[in-house]
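Contents: one structure, followed by commentary.
Order of writing sets the labels: A, B, C and D. Residues in every chain begin at 1.
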Amino acid sequence: MAEPRPERLQAGPADASLEPPLQPFGPGRRLAAEALGTALLLAIVIGSGIMGERLAGGNAAIALLGNTLATGAGLVVLISIFGPVSGAHFNPAVTLIFAVRRELSARLALAYVAAQVTGAVLGVFAAHAMFAGPILQISTKLRDGPAQAFSEAVAAFGLVATIRGALRFRPDVTPMAVGLYITSAYWFTASTAFANPAVTLARSLSDTFAGIAPSSAPAFIAAQLAGALAAVAVMGWLLRREA
Amino acid sequence: MAEPRPERLQAGPADASLEPPLQPFGPGRRLAAEALGTALLLAIVIGSGIMGERLAGGNAAIALLGNTLATGAGLVVLISIFGPVSGAHFNPAVTLIFAVRRELSARLALAYVAAQVTGAVLGVFAAHAMFAGPILQISTKLRDGPAQAFSEAVAAFGLVATIRGALRFRPDVTPMAVGLYITSAYWFTASTAFANPAVTLARSLSDTFAGIAPSSAPAFIAAQLAGALAAVAVMGWLLRREA
Amino acid sequence: MAEPRPERLQAGPADASLEPPLQPFGPGRRLAAEALGTALLLAIVIGSGIMGERLAGGNAAIALLGNTLATGAGLVVLISIFGPVSGAHFNPAVTLIFAVRRELSARLALAYVAAQVTGAVLGVFAAHAMFAGPILQISTKLRDGPAQAFSEAVAAFGLVATIRGALRFRPDVTPMAVGLYITSAYWFTASTAFANPAVTLARSLSDTFAGIAPSSAPAFIAAQLAGALAAVAVMGWLLRREA
Amino acid sequence: MAEPRPERLQAGPADASLEPPLQPFGPGRRLAAEALGTALLLAIVIGSGIMGERLAGGNAAIALLGNTLATGAGLVVLISIFGPVSGAHFNPAVTLIFAVRRELSARLALAYVAAQVTGAVLGVFAAHAMFAGPILQISTKLRDGPAQAFSEAVAAFGLVATIRGALRFRPDVTPMAVGLYITSAYWFTASTAFANPAVTLARSLSDTFAGIAPSSAPAFIAAQLAGALAAVAVMGWLLRREA
């Protein structure tokens, strides 16, 4: 891990941009990176869930270990290779934060979200194809109740806190920080930390280990957005340099 | 991992400060970072313990694998994002060391400990809420006897040796070093390495996988402080540059 | 969200070479590095598969966890130590990409592939010797059908995308990126991500956990090459700087 | 595919020292670092083996997963914090290599080995104390036969190749490379990769998961030294710059 860059810590603006400079890549490539990266993310989440469930002989903890390992490792890679192109949001809640901070125009932010959702759905289809299941599925896995929603709020709070803290102090370790955060959150939240509205929508289209019934999705997404916005407020105060 | 910074190795003071420069952040933000970081740490420790126990079908080693993965990964993230604000102690034994070295005033050190304990308890409550259990619990898990106490002394010795060594030679890898150390110590000590008085107190309030009966806590805390102070002495001698 | 290295992003050529400078080492040492590295890779893949199967008591997910951990960790090491000598391809599909880009002469590329295949077979033999099995074996493990082939195409696509993205933006993390990618791909593809024609051929010579029946190998290899070439096209477009 | 650091590759001596500069620390501190580091290493290896066996309900693969995780993670930490003091050999086979290259005097090398063996035995005792077992034990776990010896030769070959390659090209990642190598080798060798004569001797004093019967130890140690010397020869040739 690289050392904190002193110029950021000492001479940077009090509330520096979250977004590294992305000028070399135009909107078309940025949207393609969001779509492709989110597609691969969903192929990883769904595919490793199926693999875990098939092999684990009914022990859900072992299945979740494989699912966790694949997702955490995969996220580090995807953020490393697509981050310099599009920022590697892969997540409407993350895009929302950049839009709120006016680092992304409303129009581009909407296009990001559309690319993420499209990619996510295609990634679920790819996972089903790899495991020879029906391409089109609807999850029957209910994940309801206030404890599940609270879990998603905590999961998204932690994710946004991780991204904001990493981009502020150690932008070069952001891919690793996000991968490790999700590795942890798969286990410490009761919902296994979806923490991502596009991922939630797409996972409702898979009747497998990592699926979520469509009826459970709206509460998840609302909780995710609430947790993300809470993290923006808390971390915004915490990381502000005093005069 | 960054290469060792030669200036530290060759030109730095013989017994340099452990604490990276934290001036940009005032006491309020530092205490908030300690409280929030410790809360998230406990949410991770307790939450992943519950998840592991629920899913592992009675196999405690599998539950501990999940608990370990979540805690180690989470610690790397929390220290990376809160370290530049408060030092990311999250642990009264670590704060004690900085106070003994007069790098933290007695008054601020006490406030750090209060923030850590408060955050730790809130983190336990958050984990219980996420898993839909009663918020207030008292652990019934006895962890008694000299072998358990010796384990805690070793665990805290190793933790402080890790922190001192990392801050001396490779401060940029401290978050990873601490996360990996705890990953290891969850398995090589018979007590699963609490190594932290605030964590010990808070875990007495959870009747789950990671809990500890209140009657077992005092011996744990005494052993942790003894191990930490022993590491200060041993590493202080070992890392002192000769004239 | 990885931080782009500004000098590469802004001043480098629009489509920089994938290959770091390898001049100090002549063809003999480069081929030896390819052979030795691929041999060790196969010893790891086959050996850890046997170990997992022997110890896991019939739970294939646990066996795959050990197999995954060993392969991912081992790849990071092998690419770190042999990369500066030969590029650490260990994979004819990767060598093909460099040849297509004319960064490797056709003659040297063919020699690379021969070294890789030879090393891979010797590595399988070494694994059999370590586990006291017959040196010469033929796998009986059928891995047939379009879902398996599609899995291999996805696996190779992702591997090449990982390599191209890492070499473009963060060449120093390439060993880690490839190790993490394979860690993930062992779980998210239905074929456990061979993604390598030399590895596929050699694994047909092992009637163990990680083997593949010779009759299943040709479809795997064709799919791998197709996936790799697709990634060259897609990533070539995605990473091209606009005028 | 790691990026070579150009100054080393192009301006360094053709066969640079393996040892980073250690001048600030005198022999007393260096020997203390070897003893303390090796003691902690053995406490980790034996302790996590006991923990794994106790919790895994008879599934040796799950026990080995915990043992592997603890050992790999612990090694990264120990090498990071003791490496700048003593080189963090913790292993007579590694010390032998430095002595053969005359980077360590014969006298200091012997003192290193004595410190390693003493530390290793004390570390085993500490693990037994932590787990409330008898301090003095003799292993009854036979690990005999040519396949086991060949495994140890391969394990030591790989370890020395890892150290030589990492110190040559990326000295800053050596702790991580060694930790990952051992993580891999615990699974891909039939002997679970002792790869260290001091560790082998000390593990003969533990009748637990990680033990080895004293009668099996001599063949292990001979094979380790043979493998290490083979790696010195092969890597010495491979990494030599051509005129």
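As a convention for this text, contacts are C-beta pairs under 8 Å (C-beta built on N, C-alpha and C of every residue); 3 or more make two chains touch, one makes a residue touch a chain.
No experiment lies behind these values; they were computed from the predicted model shown.
Trainee: In how few steps can one go from subunit B to subunit C if every step must land on a touching chain?
Mentor: Minimum step count, subunit B to subunit C: 2.
Trainee: Can you check whether subunit A and subunit B touch via the same residue numbers (shared by over half) or via different ones?
Mentor: Under half of the interface numbering overlaps between copies: different.
Trainee: Can you work out the whole-Å distance between the CA centroids of subunit A and subunit D?
Mentor: 38
Trainee: Starting from the mean Cα coordinates of subunit B and subunit D, work out the distance between those two points in Å.
Mentor: 27
Trainee: Out of subunit B, which residues touch more than one other chain, so two or more?
Mentor: Subunit B, residues with two or more chain partners: 1-2, 59, 62, 65, 173, 176.
Trainee: Sort out which chains touch which and give me every pair.
Mentor: A-B, A-C, B-D, C-D
Trainee: If we count contacts the way the header does, which residues on subunit D are in touch with subunit B in the complex?
Mentor: 20-21, 24-26, 29, 32-33, 36, 40, 43-48, 50-52, 55-57, 59, 62-63, 65-67, 69-71, 73-74, 76-77, 80-85, 126-127, 129-132, 171-173, 175-176, 179
Trainee: State the interface residues of subunit A toward subunit B in the complex, per the touch definition above.
Mentor: Counting only subunit A, the residues touching subunit B are 1-4, 9-10, 58-62, 64-65, 68, 72, 145-147, 150-151, 154, 158, 161-162, 164-166, 168-170, 173, 176-177, 180-181, 183-191, 234, 237-239, 241-242.
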